[in-house]
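Handing you a structure now.
Residue numbering begins at 1 within each chain, and the chains themselves are lettered A, B, C and D in the order written.
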Amino acid sequence: MSRKLRFGMIGGGRGAFIGAVHRIAAQMDGQAELVAGAFSADPDRSRASGADLFLAPDRVYGSFDEMATAEAARPAADRLDFVVIVTPNHQHFAPAKRFLEAGFAVVCDKPATFSLAEAVELRRIVDTTGQLFALTHNYTGNAMVRQARALIRSGAIGPVRKVLVEYSQGWLSTHLEATDQKQAAWRTDPARAGAAGCVGDIGTHAENLARFLTGLRITELCADLTTFVPGRALDDDANILLRYEGGAKGVLHCSQICVGDENALNIRVYGETGGLEWHQEHPNELIVKHPDRPREIWRRGNAYVGPEAAALTRIPPGHPEGYLEAFANIYREVFRALRADLAGEPRPADVEFPTIEDGVEGMAFIDAVVHSHGAWVPLPRA
Amino acid sequence: MSRKLRFGMIGGGRGAFIGAVHRIAAQMDGQAELVAGAFSADPDRSRASGADLFLAPDRVYGSFDEMATAEAARPAADRLDFVVIVTPNHQHFAPAKRFLEAGFAVVCDKPATFSLAEAVELRRIVDTTGQLFALTHNYTGNAMVRQARALIRSGAIGPVRKVLVEYSQGWLSTHLEATDQKQAAWRTDPARAGAAGCVGDIGTHAENLARFLTGLRITELCADLTTFVPGRALDDDANILLRYEGGAKGVLHCSQICVGDENALNIRVYGETGGLEWHQEHPNELIVKHPDRPREIWRRGNAYVGPEAAALTRIPPGHPEGYLEAFANIYREVFRALRADLAGEPRPADVEFPTIEDGVEGMAFIDAVVHSHGAWVPLPRA
Amino acid sequence: MSRKLRFGMIGGGRGAFIGAVHRIAAQMDGQAELVAGAFSADPDRSRASGADLFLAPDRVYGSFDEMATAEAARPAADRLDFVVIVTPNHQHFAPAKRFLEAGFAVVCDKPATFSLAEAVELRRIVDTTGQLFALTHNYTGNAMVRQARALIRSGAIGPVRKVLVEYSQGWLSTHLEATDQKQAAWRTDPARAGAAGCVGDIGTHAENLARFLTGLRITELCADLTTFVPGRALDDDANILLRYEGGAKGVLHCSQICVGDENALNIRVYGETGGLEWHQEHPNELIVKHPDRPREIWRRGNAYVGPEAAALTRIPPGHPEGYLEAFANIYREVFRALRADLAGEPRPADVEFPTIEDGVEGMAFIDAVVHSHGAWVPLPRA
Amino acid sequence: MSRKLRFGMIGGGRGAFIGAVHRIAAQMDGQAELVAGAFSADPDRSRASGADLFLAPDRVYGSFDEMATAEAARPAADRLDFVVIVTPNHQHFAPAKRFLEAGFAVVCDKPATFSLAEAVELRRIVDTTGQLFALTHNYTGNAMVRQARALIRSGAIGPVRKVLVEYSQGWLSTHLEATDQKQAAWRTDPARAGAAGCVGDIGTHAENLARFLTGLRITELCADLTTFVPGRALDDDANILLRYEGGAKGVLHCSQICVGDENALNIRVYGETGGLEWHQEHPNELIVKHPDRPREIWRRGNAYVGPEAAALTRIPPGHPEGYLEAFANIYREVFRALRADLAGEPRPADVEFPTIEDGVEGMAFIDAVVHSHGAWVPLPRA
């Protein structure tokens, strides 16, 4: 199919953060082009945002519903191929349902939905409509994360025994939501963020990353949630003990009150015969540890790195790739699947991106964490 | 001017490296769109490359000359705004001259030209035509490089005394050009690369970075060039003593035979009252040293970072930006200038990108280095 | 008192590890001299060890009891000033009691005793005899650990909210005790190590370090202990949630099955207005984080470092001090106290070394951990 | 020989730095004991220093000459085995000559002498007397430096092509010698330090380390010396191009005006098939680079580290050893040789410490550097 894919965006107007990230990521490889959007519930703000982005005014809408109706009516030659949803959590489900049912593929920011029940229902809709649904657990798009997973799968460290995963931030160490900081406001508001604060925002990334790397599900967990900042409604800190299927143990901790930390998403996985370590803030390196020989620093882009990572690499070793490139890798994989879908062909066997299943797992994780109250709770498959 | 800028590309077809980098960088912010190209001297290869990029077949050309003629004849409404030149060094001058004289702005990969004489002549053409000419010394697009320069300019480290700059690679430690490796082939060929190998390819980046940071010119240098790999015609290693205007001293060394090094471009600048250190492979950090208090790690994206760096930052601290984002920052600045030019307005006072002056300086540096033969040679303004 | 202090050693014969460490540490500053020892329960081995150390044969003994009797009978002019106990855990209490009651000061390796009950009883003996008793929680002897504590005490990071402390090793990832490895054998044997394996050996260091830095006691904890290596009797891995007095939360995890890790004792402490981070494997640096300015790297030996750290520093900045120097600092402090005791003078107000109180706390920690079985248990003052 | 070695010290009284380092290093392993000294030319200061060190008053002297006479007259049973010289450079030769000729082994701080001529003469005296003479180029005592040398000797990186060695300090970035800072005063005084400042003090360490690792001699060099601080007589900064026997090239730069640097002695060696990197401030690690597989971090104390490094290791991996331990390793080797000498036996075949040959080489290096004046000068064997 010799053309760029066309997409529209829900949310992500002026002042948003993640919308711009999605636009850069989706368009990085010249495979897709933003052509429509409902960027804000405020029509003026939506229009202004569309103008910033050089969109045709008639494809900038005041609501996702209006957009779905209008875009579905367009001729095939310029109809949208997919929609990107970057609104706060409580506004994921409705547009996702609307567009999926209108026949559009959907890429949605995480966590999948506002609640576990919504996620389960969304899964049903995805299954029923048969549309592609991708969830941007972007860190799994890092080349060296893929390499780590490939090593674990290959048996390089033996059966997994221990997982240490953490996501530490400091930006909410004060009552920032009392100012007009938009990012802080919705993330700390139960009506918009859902049942969890820190755990929903970044703990789910940690859970997803650990599961992606190891292929293991948590069977039960014991969580100690805290709200340190006076006046805040949701957790801003969480320490969680993990038990995995097969007997592995783990710790997941995440926080938004760790002063001076930025996006310290770090994971260490230890197996019977080796260990791996990856740090999001230095994503081009993967530390590999052995019982009887020097630890190794695997660096992205080298010939010795395997095909899974090489496929998600744009530039040579030593020229750092970062957050946006990893994010774009999620889109790169989505596009491989979507082009196959659009062509009526089977998806490539090795295509890999987070789906609604990851969304359901993430919401089940949040659900268990907020119900733990310091006791062990099971994490059944939802 | 409420539209995307339109650009074409000379070189950068299938198998090339830097062409794809320029395409990503130029289009990262949704400010510009590739619409034409002469991607290869082989018309079939050029066409295939254009198809990969979803270009209209009638805007894919077999030569830059053909492209210049055809594009100059197009109506203003879809005429190119600028051209990007990403051919090997010996093919910079001719297309640059052709497009500048045809009324197009030009963005050109470094080094500017094949020889110092060509660079001086190109400067004359730029001056005469009044067109924008930008040279992609991309490392100066790093936010923390800008921060370092701002600190030096502000007097934070006092008058500069010592500069240590290095660019170390290992990929040419064997006779790689004897295989069909395209990147190695032209870089080691005097007919295509020019008078210098390693010095032209990466030494010029080091020279440019040091000058950008400190604002100081080299007045004389003493260079010891070596070709370590048997059968190679150009230098693959260089150690150079530097003397700067104002009395500062320095060392610049670069190499392509340092096994295991990737793109180790590192710079340390010491002044009378402080020191700075930046490492390209960890570009989001800037190390600042003081005589009497703890060294600091300035990290991109934080509120304490100054406006020069903030202007070239897309995402929050702790989410790493890398090589492509820095490269895109050069384009971001170019577009600010170019949009002003196109609107007939003065350029913003703080706009900053490498120009033909940097190109002339770089070629003068190469010229001095290859004529040094281990003795001190002056580096006059060309 | 213008002479070297004289000391004897219990345990630490040929093949031991920690005995040699104590000898180097105690004698590093030329303040003390080893003159006697009961290095092994095997008299031949004890004698051979004494000869290795150039001791007079008549001061090398076959048992601690024999040594206590003989040394107590010596004239004041060459009588021992203190005794160092470096036997396995189950052999701490008896010699400590014997020597304390015979009028000798005692320095003992950690954990203090085999059981909490023994520790409590030993505290009674220390109190009754009035002798000095020091416990070598050696990591608290690191200069930058002292600096971290001083910063916390000064309010530099505000009230503590979160503590993350970990001690990760990999040397017991296989059934090493099945070989004749002496260090592995006793540490994994409940009859010699006590109720805990990994937690007793290294978890107690983590607990002690966190308490030393923050000045906070754990009020309750929830521990998930695991024995990963088949055939092993004691825990080789532990993940523990912590709640501190005053509302701080924490995580302590330790392991001896983390393949490739060596002595990864790391601590991060976050307060309301700052954060601190120290890594035992890079002990000369202390990372200090702020909400609104660059993070700082405080480096040992600089003039800006405070008096607490300066007092425990032997060499200038940039010349690394390590494990042995930190260990020697515990002795340096002990000697300040002991020389005062011997002179019948009050101890210096700022003298600081781990005492039997730390020993009781450590044993109470072990006791709580092994009784938790994944549930919250209180940690009362013993 | 079942006794501790006895030694005396020349220099190193109160207020000195390196004297205390030698005392700790020489006595670290309980193999030697300080019993005499002429610690200062001021007899009162010498006596006070001796008392600090618990020496018998009758073995504390007012001059090295007095000491040599008195100690030579003592009975064999308590006669000194060796003497340590830690005076400023201009006072190395006379005491070394005096004690060597009186039949004592000598350990001397670096650089060997005040001038090349003195070094050559001292070599003659060492040869004539047959006494052991060791020069404390202490960095070669680092275990991972030994490992690096062993790897190079084994051919692990192939024939050496490039050496990058640097020693960067910042403590003399101001006119510190104008205060009463004793260390600064003599090091910047031509009458006491010799012909070079920075180059003599630390450049010689860099030269020695590079030669030790690679086994290669410099054949010619080109040096650009600078005195940045007004009022200073000697160089405080040097940038030097190196050419080695066999065709390798190199850069050595050293400085004492690099604000914020402490003891940044770093070396990188690249061969045809690999590269090595060692940083003195993180001495327990050795970075090994390969053309086609991940870079490795070799860490001191592991079983995979070879016998040369293992022999100079006291504690397990992950417990850092530092400057003092490396310094003590020089003594450890000296003692192996000295005990053999005293027993009239041949020295162990693998004994390794810096000798007067290293001293002559170092002085020849200084001599060449100060005579270069920016031009290439040969470095003949002296």
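The working rule: a contact is a pair of C-beta atoms (placed from the backbone, for glycine too) under 8 Å apart; a residue touches a chain by one contact, two chains touch by 3 or more.
Keep in mind it's a predicted model, so treat the numbers as computed, not measured.
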Worksheet item: With chain centres set to the mean of the C-alpha atoms, which chain is at the far end from chain D?
Response: A
Discussion item. I'd like the Å distance between the centres of chain B and chain D, where a centre is the mean of that chain's Cα atoms.
Written reply: 44
Worksheet item: Roughly how many whole angstrom separate the Cα centroids of chain A and chain D?
Response: 55
Practice prompt. Express in whole angstrom the distance between the two chain centres, defined as the mean CA positions of chain C and chain D.
Written response: 34
Worksheet item: So which stretches of chain B touch two or more other chains?
Response: 261, 295, 299, 302
Item to complete: If you connect every pair of chains that touch, what shape comes out? Choose line, ring, star, complete or other.
Response: complete
Practice prompt. Using the touch definition up top, name the residues of chain C that touch chain B in the complex.
Written response: 288, 292-299, 302-304
Worksheet item: chain D touches which residues of chain B in the complex?
Response: 157, 161-162, 164, 166, 170, 173-174, 222, 224, 226, 228, 237, 239, 241-243, 249-251, 253, 255, 257-261, 268, 270-275, 289-291, 295, 374-376
Worksheet item: Where on chain B is chain A touching in the complex?
Response: 2-4, 17, 20-21, 23-24, 27-30, 34, 51, 53-54, 169, 261-264, 280-284, 299, 301-302, 314-325
